[in-house]
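You will see chain A twice below: alongside chain B first, and alongside chain C after that.
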Partner chain A sequence: MKKYLYVVKTQIITSMAYEFNVYGNIIMQTIIMITSAYFWKALYKGRDMVGDVDADSMLTYVIMSSVLSVLLITNVERRIERSVDRGTVATDMMKPINIFGVYFAEDIGNILALFFQNMLPIILIGSLMIKVPAMADIRDLPLFIISVAESFLINWIIAALFGMMAFTAFNIDALIQVKKHLLRLLSGSIIPIWFFPPAVQKVLGSLPFVYIYQLPLSIYIGRGSRAEYLSGMKIQFLWLLGLSAVFFYVQSRVVRKVMVQGG
Partner chain B sequence: MIDVQNLSKDYILKKKEPGLKGAIKGLVMPVRTTMRAVNNLSFHIDTGEIVGFIGPNGAGKSTTIKMMSGILTPTEGRVLIDDIDISKHRKEAVKNIGVVFGQRSQLNWDLRLGESFELLKHIYQIDQKDYDRTIDDLDKILGIREIMDKPVRQMSLGQRMKGDLVAAMLHSPGVLFLDEPTIGLDVSAKYALRKFIKEINKVRKTTVILTTHDLGDIQELCERIIIINHGELMEDGNLNEIVDRIAPYKTLVVEYYDESAPEHVRCEMTEHKGNVAKYRFMKKDLTAAEIIADLSKEKTIKDVSIEETGIDDIIKIAYGT
Partner chain C sequence: MKKALNEFIHYLDVTAHVIKMAFMTIIEYPANIAGWMISNPLQFIMGFAIIKFVVESFGQINGWNYGQLAFLYGLSVISHALSMIFFVQGWFMGYFVIEGEFDRYLTRPLGVLYQFFFTNINIFGVTDLIPGILVFIYGCVKCSVSVNLLFILQVLIMLVGATLIRGGIYILLGSTSFHTGSAVDFGQYTQEIMDKTTMYPLSMYPESMQFILTYLIPVGWISFYPVSSLLGIEGRYNGMMIPFVTLAVGILVMLIAGAYFNTGLKKYESAGN
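Presenting the complex of A and B:
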């Protein structure tokens, strides 16, 4: 465990070095936040409630979605791709440490670095330019935190599974982009899926993506009852279990494959 | 210490046919062929030996090293390091192994060298005292401390190689595998690297196994060489003995004052160009002094020199080129 904590620490140091990336993301998220805010303001003109949510909560949703997107930045896909490409996977696997554990620790370190560099500025900009994104009911905070932790894990596992495709020797750059944008669309991070037709909602509700963004954000803005949150989190947890199982299975196969075919 | 028993490795290759049609065919019905990269190798290496693996590109050296260091699983046979089967008890065995691949670095490009070492210190759970001592020792040989604060991406190839060597030795492994460590290095970096290998072998009794195309490396470092070609073991033994056996001759180069050169009955004239003639003789039945004495009776000699049969001739012969 201590090893992995050290990896986290090292990654924080590394991430601090890339200032340009950090500012780039703040600017991008600001643009997304502001345009979304204007979009929702226009949509709500003359109406109090759309889809059980008032305009004010929707603006909170927009800001928190940007904040959450920082937490859900993963580097594992590119990390795997790069080490397969450079041929360092094999030597990485030589070390008495699990490489996927290392990748996970690196992503944690990266996010910890981004907490101050990215998340706080985005909250600040959102508060100044749009509104203060206060939580609807502070008593739901534990539920919110747990669901965010689970969505982080689900998101990471999906990213790692994508990254492992790099082992079957093709370029996954384009695929990573497709996944990234598809995920933002299907998870309700930009447009909550309660604005979609009921049939589409039903389909998306059975996929893991809405449990990454929409579920924790709904808890935050107080859309729905506590019973609904809990049933949502139950499905979220089942997805987490299922995806973890797939992940561990694929991981062991990938390690074996590298061992047989060489890095 | 290291026991390699009947080691073989097959690679499965997908046959790719040219053109779009071939690409589609390859996707739908891939034709797989197996290629034997290493065939039935067996040998034993003792603690404290420095063994050089030589062979042409694609001979199977790297594959063998990868199997011996636990990176690749052999198709057949096994590798025992201190009686531990490396592919079965990998986690345990790798703690005693250090690996450096000349063409890839295991250092983190985004970090300073010292930070990379600290990370490895934690991964291998090396305690501070041992760590400090190792760094001190290696600093004396390689001068590593002066580049500890430099980011790896800004390093020259020679500096990075030094860094990689120290990284591989941090956990004080008993066996160090080096795959083409001197590739692309300049003369002084090569010299430092050879010194390093000799030192760790002498002081720490580290067993070193290296592959190289640099004959200087072999001559400087290895008492024992293993020649591999087409995945098979061609030669295994003492360097000098192999040289004596494969090429039991030397060449005497004689320069005269004009273009005519006398023959010598007991050796063969291999070349005669201008004023210079070359005589090849068997080491065991003749000495250069005798030939010079015989020749100088017939003609006045201006200058002489002796060409030793070097390791490169051995390799040429062993590779069959």
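Presenting the complex of A and C:
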């Protein structure tokens, strides 16, 4: 455990090193957030409720979606691709430490750094320029935190699984893009899927993506009842279990494959 | 004059070879080809589907109906695809600066900016182009535009201009790496912002933002103004000359970007020493 904490610490320091990246990211993310806010304002012009949600909640949704997107940044797929490409994966695996544990610790470290560098500024700018993103019902806060934690894990495991394809495909730039688009459009991060036709909603409800963005955000803006949140979180938890099982299985296979190649 | 012509022919010759090499590189990784073939069309099909769903929920977007939005979206995707083919390298310029990759280009007797973009030409951009063209044709049919010679000329001119504007913006953003000394991959953000500002009518944003997006960061000229004029939608700028303005803006942005790149290149130090 201590070893991994050390990795987390190193990663925080590395992430802090580039000031320009930080400001650049904040500016870009703020522009995206504000354009989204105006997008919804224009759509809601002269309407109260569309899809059980009013304009005000939709703005909260936009701000919190930007905040959540910072938390859901993963680097693991690029890391695996690079280490396979450069062949460092063999030496990495010889170290007395689980390589995927290191990647996980690195992503955690990165997010801890981003918490102050990006998340807080985004909430601040959002509150000043759009509205204060207050939670609809503060009593649901524990549910929100748990579902965010689960969505973080699901998101990380999906990223790691895509990354592990590098062991067989070698170049996975395109696959990373596929994953990115699937996640962007099917998770409700840009447009909540409750605006989609019912049949499409049903299909998307059976995929893991909506449990990454839309479920925690729905809890936050208070769309639906507590019973609905709980049943959603149950499915979310099942996805987490299922994906973890796949992850550990694939991981053991991948490690064996590398061992064979190494002689 | 003859010398300039010879040089131009030489550049064309090099370009032909480079495209051939690009083809050979992409077939090296079959899984990658399959990935791009799925990834890029998927992105735009889903993006277009989302517009449809939004229009179904809300009726229209700021007065633009579904057909008009398809027309706008299609043209926006086509110019995006063209900029991906020729200028996507701008997104990764930071890494070239940090890793000292420009050394290689500086030692060769060709323009650095030319080499930077054209020795890394991105054939996969074609996979963006096809969905764009399909949506555009769909939009044309929905809006029942009359296709004549002037229309085709206007569309082609605005596409050249729009591609130059996008490319210029990528170069400007990428060139900041020379001054900051850090590699930032703004590609994803740039694309997201461009998507939001070129695939939907600009008039839905407040006046102040429209002003910025028209005069300071001229993304309005990429699709919104020319499409408004092509479809005859009332707006800030109207008339059949608008696509030509787009071309002029594109050339201007490119010139500024080239100058900024060159000042950056003067500051460029190699990786090691």
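We take it that the second predicted complex is superposed on the first by the 261 of 263 C-alpha atoms of A that agree within 3 Å, B and C clash if a C-alpha of one lies under 4 Å from a C-alpha of the other, contacts with A are read in each partner's own complex, and residues count from 1 in each chain.
Rule of thumb we're sticking to: contacts are C-beta pairs under 8 Å (C-beta built on N, C-alpha and C of every residue); 3 or more make two chains touch, one makes a residue touch a chain.
What you see is a predicted model; the values in this text were computed from it and never measured.
Applying the stated clash criterion after superposition on chain A shows that chain B and chain C can sit side by side. With both structures placed on the common chain, the touch criterion links A:Y249 to neither chain B nor chain C. Contact with chain B, but none with chain C, is seen for A:T88 once the two complexes are overlaid on the shared chain. Of the two partner chains, chain B is the only one touched by A:P96; chain C is not. By the touch criterion defined above, A:F115 reaches neither chain B nor chain C. By the touch criterion defined above, A:T14 lies against chain B but remains apart from chain C after alignment on the C-alpha atoms of chain A.
In the superposed model, more residues of chain A are touched by C than by the other of chain B and chain C. In the superposition on chain A, A:V200 contacts chain C only, with no contact to chain B. In the superposition on chain A, contact is made by A:K3 with chain B only, not with chain C.
When the two structures are aligned on their common chain, the gap between the nearest CA atoms of chain B and chain C comes to 7 Å. Across the two superposed structures, the residue set of chain A contacted by chain B and also by chain C is empty.
Chain contact summary for the complex, chain C toward chain A: residues 29, 31-36, 38-40, 42-43, 46-47, 50, 53-54, 56-58, 61-62, 124, 176, 180, 182, 184, 186, 188-190, 192-193, 196-197, 200, 204-206, 209.
Partner chain B is touched in their complex by these residues of chain A: 2-3, 6-7, 10, 13-14, 17, 86-88, 90-97, 256, 259-263. Chain A makes touch with chain C in their complex at residues 18, 20-21, 24-25, 28-29, 31-32, 34-36, 38-39, 42-43, 45, 47, 50-51, 165, 168-175, 177-178, 180-182, 185-186, 190-191, 195-197, 200.
Taken in their complex, chain B has these residues touching chain A: 11-12, 63, 66, 69-73, 87, 91, 94-95, 97, 99, 101, 103-106, 108, 110-111, 115, 118-120, 122-125.
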